[in-house]
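I have a structure here, written as structure tokens, and I will follow up with some questions on it.
Going in written order, the chains are labelled A, B, C and D, and every chain counts its residues from 1.
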Amino acid sequence: MSTDVAFLGLGNMGLPMALNLVRAGFSVSGHDLVPANVERFVAGGGKTETDSMKAVAAAEVAITMLPASRHVESAYLGDNGILANAKTGTLLIDCSTIAPDAARRVAAAAVERGLTMIDAPVSGGTAGAAAATLTFMVGGPADGLSKARPYLEKMGKAIFHAGDRGAGQTVKMCNNMLLGIQMIGTCEAIRLGIANGIDAKLLSEIIGKSSGRNWALEVYNPCPGVMPNAPASRGYGGGFGVDLMLKDLGLAVENALSTNSSVPMGSLARSLYDLHSKGGAGALDFSSIFKMLGAPDK
Amino acid sequence: MSTDVAFLGLGNMGLPMALNLVRAGFSVSGHDLVPANVERFVAGGGKTETDSMKAVAAAEVAITMLPASRHVESAYLGDNGILANAKTGTLLIDCSTIAPDAARRVAAAAVERGLTMIDAPVSGGTAGAAAATLTFMVGGPADGLSKARPYLEKMGKAIFHAGDRGAGQTVKMCNNMLLGIQMIGTCEAIRLGIANGIDAKLLSEIIGKSSGRNWALEVYNPCPGVMPNAPASRGYGGGFGVDLMLKDLGLAVENALSTNSSVPMGSLARSLYDLHSKGGAGALDFSSIFKMLGAPDK
Amino acid sequence: MSTDVAFLGLGNMGLPMALNLVRAGFSVSGHDLVPANVERFVAGGGKTETDSMKAVAAAEVAITMLPASRHVESAYLGDNGILANAKTGTLLIDCSTIAPDAARRVAAAAVERGLTMIDAPVSGGTAGAAAATLTFMVGGPADGLSKARPYLEKMGKAIFHAGDRGAGQTVKMCNNMLLGIQMIGTCEAIRLGIANGIDAKLLSEIIGKSSGRNWALEVYNPCPGVMPNAPASRGYGGGFGVDLMLKDLGLAVENALSTNSSVPMGSLARSLYDLHSKGGAGALDFSSIFKMLGAPDK
Amino acid sequence: MSTDVAFLGLGNMGLPMALNLVRAGFSVSGHDLVPANVERFVAGGGKTETDSMKAVAAAEVAITMLPASRHVESAYLGDNGILANAKTGTLLIDCSTIAPDAARRVAAAAVERGLTMIDAPVSGGTAGAAAATLTFMVGGPADGLSKARPYLEKMGKAIFHAGDRGAGQTVKMCNNMLLGIQMIGTCEAIRLGIANGIDAKLLSEIIGKSSGRNWALEVYNPCPGVMPNAPASRGYGGGFGVDLMLKDLGLAVENALSTNSSVPMGSLARSLYDLHSKGGAGALDFSSIFKMLGAPDK
């Protein structure tokens, strides 16, 4: 029986994404270095096999969802990697969040081997992965994206074509740097209001209709109690972790160094998330910077 | 003949605001230290008289629109100031942007004299003042706001009641600090995207539908050419000046010092606007920080 | 019997300073709001009386060592304050660390009353106060300093005349802002070296002979174990507290706002000490920022 | 005739260093991509030959002084590079300032080929290079340093052994990051003092004897007129350029990202030098940040 998709990386994001493809009727072979992750995937209806590269060789589409640039480079460029094993015509989709230049390097090597590749990092978190409501930011050729759409549409609901190879990573990097900056700015503004006796909810409502409005304030308010469903109102559990934001801000600062770009606020945002993580908050939601700006718990 | 309103401060903002009251049919006596401003007001249909305090004594409502805390304190608390001259029952409305604690001080003195006062700073800029589309952020008693509404509604279109005396200033201070932070963050994100080969307009559109979205990006884009009507597309002329943003960020940093609030990003934003101003850009629109982050003009 | 000195403020600094004057043979009347402090002073040989202003009225010299600007202004300018009670010819010496403009205001009021006043803030900490090795940074007229020397020399060993009234405060403010910046920079440099496998002591020695050298690195090394006598080698106890550095950086940032000075690094240093204090480290020595930059204790 | 030294890189630093070896009696073959640099070296008494790798193959010692990591990696690791051409027993000395991990990579490859290599970046600038008063910060084996001493001693006067391979680069990186931070801090402190009416020279003298003292303040004062021989007193010409400091701070920030080190002040210092360079000051001495903090020239 034929395999449509080889899916490499069944972590917190990859597992629900791959299962959504299974539910949509695709034949998916799932792979991960952690056996328990593979077992969960198989329990959910997925297939697997001992040698992931056999699955890649048999697939129409190979999708990767891996932690960082070095894992992606190793998976694609390694001696017995994806580029060495994929058959002609296989579509390659990397959904990992990595450095734009790493994405460009891998895609260039794929093209040299006659393969089509797109970078398609996501936003929306584990909740979006489970609900198939992710946003994909895509870089690569238009025909690659066309071929990828039937798969992406089963895992997410918004797909943006940002430009050539690496452009998906660039847009995600820029978006998340801005998000990190705004989240801290929002925490500062609400803290300042509270210190002057203003109700945080009322303040958020007024700013939300004014020139200070932004996604973090309106949708993901960092002050406990303002939004019942936001991580702030459940002890900053779940959500998008401090260490993940720290990783994304690190990609932005590193990229800025190599492209001679100026990111003073992005750099400070990274420093603040770094100190927050070193203070022990790495696993909390990134809106918990609100806590860091306040007096110590008694 | 009776005078409804004594209006003190006919500068870039005050003049169009006062003229909107005249157009709405109110009898308005306008005053300013600069004779040319008064002449413009009279040419537009307003009244004036030699002694502004006589106008205050005759008015139902006194409105002030002055540059900074010290002018407001002097105008209200001076020996021959507004509090000393207003008759019982006069409503006092300060539309200036000043420090929240200065606003609280003046309002407390007004209450001691048996007068009702609200702080009602605005956002919307000179264009909003001319078009009567300003937003008012109001602090003070609810009955004061009720009495003020008929006047405020002729000068703006949105009115928020933020809380007790000083609350209007607090909300504006928090909003503008956040706006200043977001504007710089937006400039950094777009610069970073461009340095990676992404089209600024496409990048702005995608982020505008994602978690990095904010007012500066969506409504007031700082990259030339992205929005034809934004100051960025006309050489950063007009709009909200660097030095005005610098003043507002100064109010926020000063307030944070006295309230033991933490504003690391707000402080850096102030430092960057300060350096931008010292580099000669004080009169440009505040989105011109985009220029500062780029290579020198050749 | 005549009283030479009225000493107001017998806290951690004031008490040992006043006792050094007693040991030098001066007749000193000591005063503090906390009775236990006065008791310690009397136990050490000092005098006191119920009404501190009687002591001021009887003294040749009045010395103040108080926590902040508002206490100094109140002590000197209050209705029943020092200026109202001091007899003609009394020399006024304020050793508190306060805002330069507050120092100028108080000194101007003293001059109006025909009194000579100098601002003489100190550095050297409680150890320097006990050992009479403080450094005085003095602002005010040269003849005021001449008259003050016999007293200052019993409490410290270095005396710098920085200029007119307020100049002592200005120099201390500038010095301490620079110290705060350098301490954090030194912590960062040593942390960075350690992360690259360099021995902290060797690194400190080499930098100490190179262009990165500074007082914090050479005399007060923030890395535990590098200097046996530094606070870092005794759990950051004693020394100059985080909250005191935070106060001094606050004076600098506030002064920069009012003098239109640019202090981006000073502002960030204040933000970092602020976050360190909010994390619970306010009472530790200010070199403990080294801890904040490291991984959480396990 | 035998060749003692092959010297690659005859730029602003390399040329005077190589000429000092010539003057000391060594037989030195000099090489550079810019013919004019080679001509100057030959005019000064040096030798050269068409193929630099022939010179390397004939030399006892190969010394490199190149702009950045990628040049050093290419020179040593390239197919026809130094490692491929040096004979057994040749000592390799890299005096370039590069990333510590690049230094470690190259040295590891040298060891694999059986060659001894040290990293020996310098401080002291072009003046120190000309006067043979450079400071060398050395990483690598002790016997490598022993063999290198006779050469280094002709080019400099202080030699520090910082540890294993890469340690020289690490120490220089840490030192220069701290220097960059202190220079800006010093500029801020002096600006703040001036704004409060203090004489810059007097202020520098007092701080120079207090806890704010540092090399930049004492030896390289950034305020025009305080030190007649400092770059500040000659329009910020000569000295150590803004773009060189920017490069060194970039190495530090990049290294901090990869070693999970926290450098909030180092990051801001880099951002400020970056903005200063983008404002057109890249070629000025790095103390010119003093100018950036001041009002625009009229």
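FYI, a residue touches a chain if its C-beta (ideal position, glycine included) is under 8 Å from a C-beta of that chain, and two chains touch if they have at least 3 such contacts.
These figures come from a predicted structure and were not determined experimentally.
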Going chain by chain, each one touching the next, work out the least steps from chain B to chain C. 1
A-D compared against A-C, more contacting pairs: A-D
Taking each chain's centre as the mean of its CA atoms, how far is chain A from chain D in angstrom? 40
Would you kindly tell me how far, in whole Å, the mean C-alpha position of chain C lies from that of chain A? 50
Touching two or more other chains - residues of chain C: 262-264, 268, 272, 275, 278, 293-294
Considering only the defined contacts, which chain D positions touch chain C in the complex? 100, 123, 135, 137, 158, 160, 162-164, 166-167, 170-171, 173-179, 181-182, 184-186, 188-193, 195-199, 202-203, 206-207, 209-217, 219-220, 252, 255-256, 259-266, 268-269, 272, 293-294
Footprint of chain A on chain C - complex, ascending: 268, 272, 275, 278-280, 292-296
Which residues of chain A touch chain D in their complex? 250, 253-254, 257, 262-264, 267-268, 270-272, 274-275, 278
